[in-house]
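Some structures to go through are shown next.
Below are two complexes that have subunit A in common, paired first with subunit B and then with subunit C.
Moving on, here comes the complex of A and B:
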C-alpha cells in the first residue's frame, strides 16, 4: 500500500480542527472541581465562603449521584466524588459550575474541605505500619506469579549468580490537549462529548454512576489531542462530573476543561516501579535461571493496576530464553493519585530492569553485551516464561538478525571505537554506546480480546462510498487514516472513498478501547472481515457476480443500486472478533499464550556525558523493529520516533516531584520533557514479518517504541562512565544530580 | 485588569508617580513574558493595574554611543541577536540572548524586564553585570544611573522605587581578553537556569580586571568578589576544588524544585575551572 497523508492532517496544520476548549457551546456553564487538600483522612466539614452568593452556582457533591458512587472499572473502588474520606491529594470532593469562568475560579477557592488527617503511605517501597493499612492486611492491590521450571535449583547450580535492583519513577503523559469534557441532556438522554481514548469505557461508567441504561446515555469523541493511556480511564471521571453538573443544572451544557497544572497534579501517571533480578548463568553465559521480583506503586485506588502488573510481569524476562523462571509481582496501594495506563502499560518498567540487568550480567561474566544477548535471544521453537512456544503465528522473526540490523544502523562498532579514543583525550566529555532488545505483546493479555468481543460495522452509503464504524479513536496516532487504508484495500477503493465515522456510541459498535497497540492489528482485521462480509451480501443478492467477486467499481455500483432498490435503508455488515485458532491462556496459572503474537525491537543509543555537570545527552539513536506489515510507513516511523522521545524523557529528564503526596512540579517549567534540541537524530527501520491475523498483516506498533530506549540510554551511560568512573546507574530518571551522587559514591569507594 | 497606555516616558513617569502617591501598585508591562506566566491561576494579578510600555517608542531603540551600547528598555533578546556588532564587541550578550527560552520568548522578552523582575535565575543579568552595565532609572523627579552590580538588595528586591521606570541599560565598551558565559539548565532550550556564570577580564594589566557573575546560586544574581580577588591576585588554581574556599564565601545555593545546593556548588567550581582552563590557560 502507498503511504498516505493523515486524513485530519490539514485541519490540524491550519488550526481548523477544534479541541473541545476551542469550541463555543451556546448557553454553556463551566465546571470546576474542589479537591482534597491532604493525602488521607476523614472529611469533617465542607465549608462554603459566606461572602459568596452561592445561589448563582450549581454545586454537586456525592449526594447528587443517582447510582452507586463508584467509578466503573475493574473493582469499582474509586468514588466519583469523595464521601466521608479522602485517599489522595487532589481527590475530587465537590463540583461547581457557573457561566463566568472568573467567578467560578473564585468560588472554587471559596470552598474549604476540612479533613481530619490519617497516616498516609507516601513511599510504596516501605511496608505499611498497621495504621497505614487501607486494603487487606498489607495494602496489596494484586499479586501475580509466573513460574517455569525450578528456579531455586537452577540458581543453586549456576556457574554465576548476579543480582540487581532497578527503579523507575512516575511519568506524566503531557498530551498536548489537557483533559476536557462537555455534557448536556437531550430529551431523556445524557450526552457527553470530549477528549477520550475509549468511548465505551465512558459509557459504562456513566451507566453505572447515573443508574441509566445505554439508551439514555450517549458518548461522542471530540478531536483528541493525544492520550498515551492518560485518556484511557480518566475521561470517565470528567464525563461523570460534567454529567452530574448538567443534570443538576436542568440539562444545560456544562464543560470541564482542566488547566495544565490541574491535569498534571490530579490525573493518572505511569506506575513507579522497583524490580529485583537474581539471575543464574552457566559457564558459557547461557541464562539458566531468572528470579524476578516486581513491585509497582498503584496509588490510591485499584483502577487499572492489576492489568498493568500483568503485562509488566509477562514482559519481565525480555525476549530471552530461560528454562527456569520465577516472576513474582505485586502492586500496592499508596496515597498518591492513582497510577494508570501509560504507553507500554508496565512493560517499559520491567524491560528497563531486564535490559539494564542483561548488560550488568554480561559485564559480570566478562562477556560482550551483544554476544551475551545473541546467545540468549529467543529462537523460534523455544518457550517464554509462560510456556508459550514462539513459532507458528507468533514466529518467523529472526531476532538475532534484527539485532544485527540495529547494530549496523546505529554504527555500533564504529561508535564504540570512536568513543574509546575520544574518552582518552577529552578533558571532561565521555561517550558510550548502549543496546537493548525488547518485545511487546499486542492486544489484550491472555483471553482479554475474547472477553472484549469487539465489533466493527461497515456500511455502503447512497453515493457508493463505504463508512467504517468503530469505537476506536483517532488521537493523533493515525487511526482514521489507517482504517481508511485498510478498508480501501479490502474494498478495492481509493482511501478517499472511505468515510471513517466519528466514534459516537449511538452510531458505532464497540470495537474495544483504543489501547494496548491493538487498533490496527485487531480492529483493522475486523474491518477487513466486515468489508468481505459486505461484498458477500451484495454479491449474492445483487448483480449476479459470484460471492466476494465484487470489488472497486462493481462494488460501488452494487451499493448504489442497493440503495435505489431499498430507499431509506443501507447495506451493512458487522464483524466480531474471533481468536486465532490454537491460542490458549490459563488466566489463573499464567500459563500459555499470553499474546497471540509479539512485536520485536532492538535499539542502539550513543550518548555523551559531561563530567562537569554529569548531564547525559543522547547523540544518536537507532531503532529497528518487527511490527508485522507496515501499513503506513510515515505514521509507523512517527510512532517509533515519538516513543523514543518520550522514553528518552522518562530516562533522563522527567521526574514527578512530590511533597506530602502532592505533585509540586506540576508545571511544564519544572517538569522537564525533551525539546527538539534535546532529541538526537532517530534512525528507524522495520523488519516486516506479516501476522496472518492482523489488519493488513500488522502487529502492534504503539507501545513497543517506549520499551527499548531507556535501558539502551542507561547502558550507554554505564559504558561511558564505566571503566574510569565506575558509576553504575540503575535508576531512572538519571538526572544530572542523581548521576553526580553516583559518581561521587564511586569515587569515594575507589578512594580517588 | 486595568491597563494604562502612556505614549511618552514623561507620561509613564507621571502615571507611576500618581499611583505611588495614592498608594496604588502600578506595574510596568513590557514583553509580559514574566508577568503573564501562569496567568489563569494568578487570580490576584487579574485585579491589578498595569502600565503598558509598548506605545512608548522612546524606549525602543538600541543605540551605539562611542563608549557604550545603550539598550532601550524595550530592547528584546532578538534585537540583540540581530545586531551583528554585538556579537563582535559584546559577545556574551549574544550568547546569553540565544539561550533565553526559545525564539518566541527571545523576540518578546526584554533585557529591562529581566533585570526588573529580579529573579536570581535571570540569564540576561550575569552577562550585563560582567560587562559593568549601568541601569538608567527615571522618575518624575529625575534620572539616576545605578551600577547593575549595586541594583539588587535581596531576594526579588532592588533599589528601584515603585515610581521609577527603567529607561535604558548602558553597557560600556571596553577591551576584554576573557569572555565566557555558561548556562546549565535542565534541558537545552526552554530551561530555567540551575547554575549559570558569566566571566570577563579587562585586557591589559592592573588590578580589578576579573568579573565573575553567577546566577541561581544565591538570593540574587551575584558577583563572586572573593573569586575575582583570587584571580586578580594571580594565584594559580590547579583544580576545581581550588575555587571552593572563595566560592563558599560568594554563593549560597539552596535545595529547591530544580536542583540541590550540593550539586550547584560542585558544578559552579567545575565550570569556573574548566571555563578558565579553556579561556586562558595562563591562569590555571
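Moving on, here comes the complex of A and C:
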C-alpha cells in the first residue's frame, strides 16, 4: 500500500482538533468528586461545611443512583459511589456540580468524609492477617494455572536448576489529555461524550447503573488524547458520575475534567508484580523445566485483573520451547487504587521476569545469552505452555533470524566489544548491552473474540463514498487512517473517499473494545469482509456485474445508482467475527490455542551507567518485530518507538510512590517520564509474515513494543555492572537509588 | 470573572499579531484566558504545573508554559499561540509522524517553531535538548525530532526563514 499520512494529522498539528474540554457546551456545569481520605474503613458521616450555601450546588451521592450501585465489568464489585465503606484512598464518595469552577473547588474542600478506619492491605506480597481479609479466605481475586508435562520430575533430573525473583512496580499511563467526560439529557436519552477507548463498555456501565436500556443511553467518543489502557474501563466511572449529576440537574450538561494530580492519584495503573522462576536446563543448555509463580497486586476492586492475570501467565514462558511447564498465577486484592489495563496487560510484567531470568540462567551455566536464546526459541511445530502447536496461521516466522536481525540493527557484537574495552579504561562510566526476545498474542485470549461477537458496518453514501462504522476508537494509534486504508484497498477506492464514522453507539455497531492489539487485525478484517459483502449485494442486485465484479469506479457508480433508485435509504453490509478455522482453547484447563496468532519481537539495548550517580542511560536501542503485514509504515514505526520509550520509562524512571495507600508523587514534577533528551533514537525494522485472518494481513502492533525493552535495558545494566561489582538488577524501575543500594550491597559482600 | 471583591483588571497585549484587550481576574492564568475567554483552545492543559509543555505559547518569541503565566503578566507583551501557525508549514511534521494523539502536539509545534526561528540555538544545543520541555507519551520522540529536523533543513535549503 502507498504511504499515507495520518488523516487528522494536520488538525492535531495546528491545534484545531477539538477534545472534549475544547468544545464549548452551552449552559454546562463543572462536576467534581469528593473522595475517601483513607484506604479502608466504614463511612460514619459526610459533613457539608455550613458556611457554604449548598442550594446553588448539585450534590449527588450513592442514593441518587437509579440502578444497582455497581460498575458493570467482570464482577460488578466496584461501587459507582462509595456507600457505607471505602476500600481505597481517593475512592469517589460524593459528586458536586456548579457552573463556577472556582466555587466548585472550594465546595469540594468543604465536604468532609469521616471514616472509621479498618486495617488495610498495603503490601500485596504479605499474606493478609485475618482482620485484613476482604475477599474469600485470603483476598485472592483469581488463581489460574497452566501445566504441561511433569515439571517436578524434570527439575529433579535437570543438569542445573536456576532460581530468580523479579518485581515490577505500578506505572501511570500519563496520556497527555487527562480523563474528560460530559453528560446531558436529550429528550429521554442520556447522552455521554468524552475521552475513551471503548464506547460500548461505557454504554453497558450506564445501562446497568442508570437502569436504562440502550435506546435511552447514547455514548459518543470525543477526540481522545491518548489511552494506553488507562481509558479502557475507567471512563465508565466518569460517564456514570457526569450522567448522575446531569440527571439531578434536570438534564443540564455536566462536564468532568480531571486535573492531572487527581487523574494520577485516583485512576487505574499497571499491576505491580512479583514473579518467581525455577528453571531446569540440560547439559547442553536446553530448557527442560520452567516453574513460574506469578503474583499481581489487583488493588481494591476486581476491575480487569482476572484477564490481566490470564494474559500474564500465558506469556510467562516467553517465546521459548520447554517440554515441562507449570505456571501458577494469582492476583490479590489490596487497598491500593484498583489496578487496571495498561498496554501489554500483564505480559510486560511476566516477560520482564522471563527475559531477565533467561540472561541469568545463561550466565549461571556459562553460556552466551544470545546462543542460549537461539537454542531455546520456539520453532514451528513445537508447542507453547498451553500446548498450542506453533505453525499454520500462528507460524511462518523464523524467530532465530528475527533475533539475528535485531542483533545486526543493534550492532550487538561491535558494541559488546567496544563496551568491554571502554569499561577497562573509563574511571566511572560502565557500558553494557542487553537483548530480549518476546511474543504477544493479539486479540482477546482464548474464546474471547468469539464471545465479543464483533460487528462492523460499511455503507455506500449518496455521493458514492463509503462510510466505515465501527466502535474502534482513534486515540492516537492511527485507527481512523488505517481503517480508511483497509477499506480503500478492499473497495478499490482512494483512502480519501472513505469516511470513518465517529464512534457513537447510536450509529456504529459494537466492534468490541479498542484494546488488546486487536483493532487492525480483528476489526480491520471485518471491514474487508463488510466491503466484500457490500460489493456482492450491489453486484448481484444492482449493476448487472457479477458477484465481486464491482471495484473502484464501478462500485462508486453502483452506489450512486442505488441511491437514485432507493431515495432515503442506503446500501449497507455488516460483517460479524468468525474465528479462524481450527482454533480451539479450553478456558477451564488453559489448554490449546491461547491466541490465533502471535506477534514476535527482539530488542537490543546499549546502556551506560554512571558509577558516581548510579543513573543508567540508554545510548542506543534497536527493535525488530514481526507484526504481520505493515499497513502504514510511519504509524507502525510510531507505535513501536512510542511503546519502547514508555517501556524504558517503566524500566528506569517511573515509580509510583505510596504512603498509607495514597500515591504521593501524583504530579509530573516528581513522577518522571522520559523526555526527548532522556532517550536515543529508537531503531525499528519489521519482518513481515502476513496473517491470513488479519486486516490487510496484519497482526497486532500496539502492545508488543511494551514487552521487550525493560528486560533488554536491565540485561544491559547487568552486563555493564555485573563483571565489576556483581550488581544483579531484578526489580524495576531501576532508579539510581535502587541501583546504588545494589552496588553497595555487592561491595559489602565483596568486602570493599 | 472578577476578583473576590468584584474588581477585574484590564490587560492589553498583542495576541497573534493583533492588539487584544481583556478584563480578567488578577489571578487568572494565561491558559484559561486563551481557552475559556478567547476560545483559543489549541493550547492544552496537560498538567497545570509547567512540566508537560502542552500549553506552550511564545511570549515575546520565547516558549512559556501558559499554565504558569498570569494574564496580568502579559500586559504590553506579544503572545503567539498555535492558532497563528500556518498549516502549510507543517508538512514535514505530518510526514514524520510527529503527532499521534495530538494532546501534546500544539505545545510541541510552538517549541519547534522557536527552534526553527532561532537557528543559533542549534549551535549550542541538540534538537533533543531543545525539545526536552515538551512531554509526549505517544511518539517516543523520533517522529517529532525527525520532523523538526526536516523542517529546519527544508528552511535551510530554501535559503531563509519561512
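Basically, the second predicted complex is superposed on the first by the 752 of 752 C-alpha atoms of A that agree within 3 Å, B and C clash if a C-alpha of one lies under 4 Å from a C-alpha of the other, contacts with A are read in each partner's own complex, and residues count from 1 in each chain.
To be clear about the criterion, a residue touches a chain if its C-beta (ideal position, glycine included) is under 8 Å from a C-beta of that chain, and two chains touch if they have at least 3 such contacts.
Bear in mind that the values here come from a model prediction, so they are computed numbers and not experimental data.
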Partner chain(s) touched by A:259 [first = subunit B, second = subunit C, both, neither]: both
Partner chain in contact with A:175 - subunit B first, subunit C second, else both or neither: second
Partner chain in contact with A:414 - subunit B first, subunit C second, else both or neither: neither
First, second, both or neither for A:427, with subunit B first and subunit C second: first
Partner chain in contact with A:675 - subunit B first, subunit C second, else both or neither: both
Touching partner for A:737 - first (subunit B), second (subunit C), both, neither: first
Partner chain in contact with A:643 - subunit B first, subunit C second, else both or neither: second
First, second, both or neither for A:667, with subunit B first and subunit C second: both
Greater subunit A contact set [subunit C / subunit B]: C
Doubly contacted subunit A residues - partners subunit C and subunit B: 102, 259, 667, 669, 674-678
Subunit A to subunit C touching residues, read off their complex: 5-6, 8-19, 21-22, 24, 102, 173-178, 223-228, 259-260, 475-478, 634-635, 637-638, 640-646, 667-669, 673-679, 681-682
Touching residues on subunit C, where the partner in the complex is subunit A: 1, 35, 39, 41-49, 51-52, 54, 81-83, 85, 87, 90, 93-106, 109, 126-129, 131-145
For the subunit B and subunit A complex, residues of the former touching the latter: 37-38, 40-41, 43, 46, 102, 184, 186-192, 257-260, 263, 266-267, 270-271, 274, 277
In the complex with subunit B, residue positions of subunit A that touch it: 102, 105-106, 109, 259, 261, 427-428, 611-613, 615, 617, 653, 657, 664-665, 667, 669-670, 672, 674-678, 735-737, 740
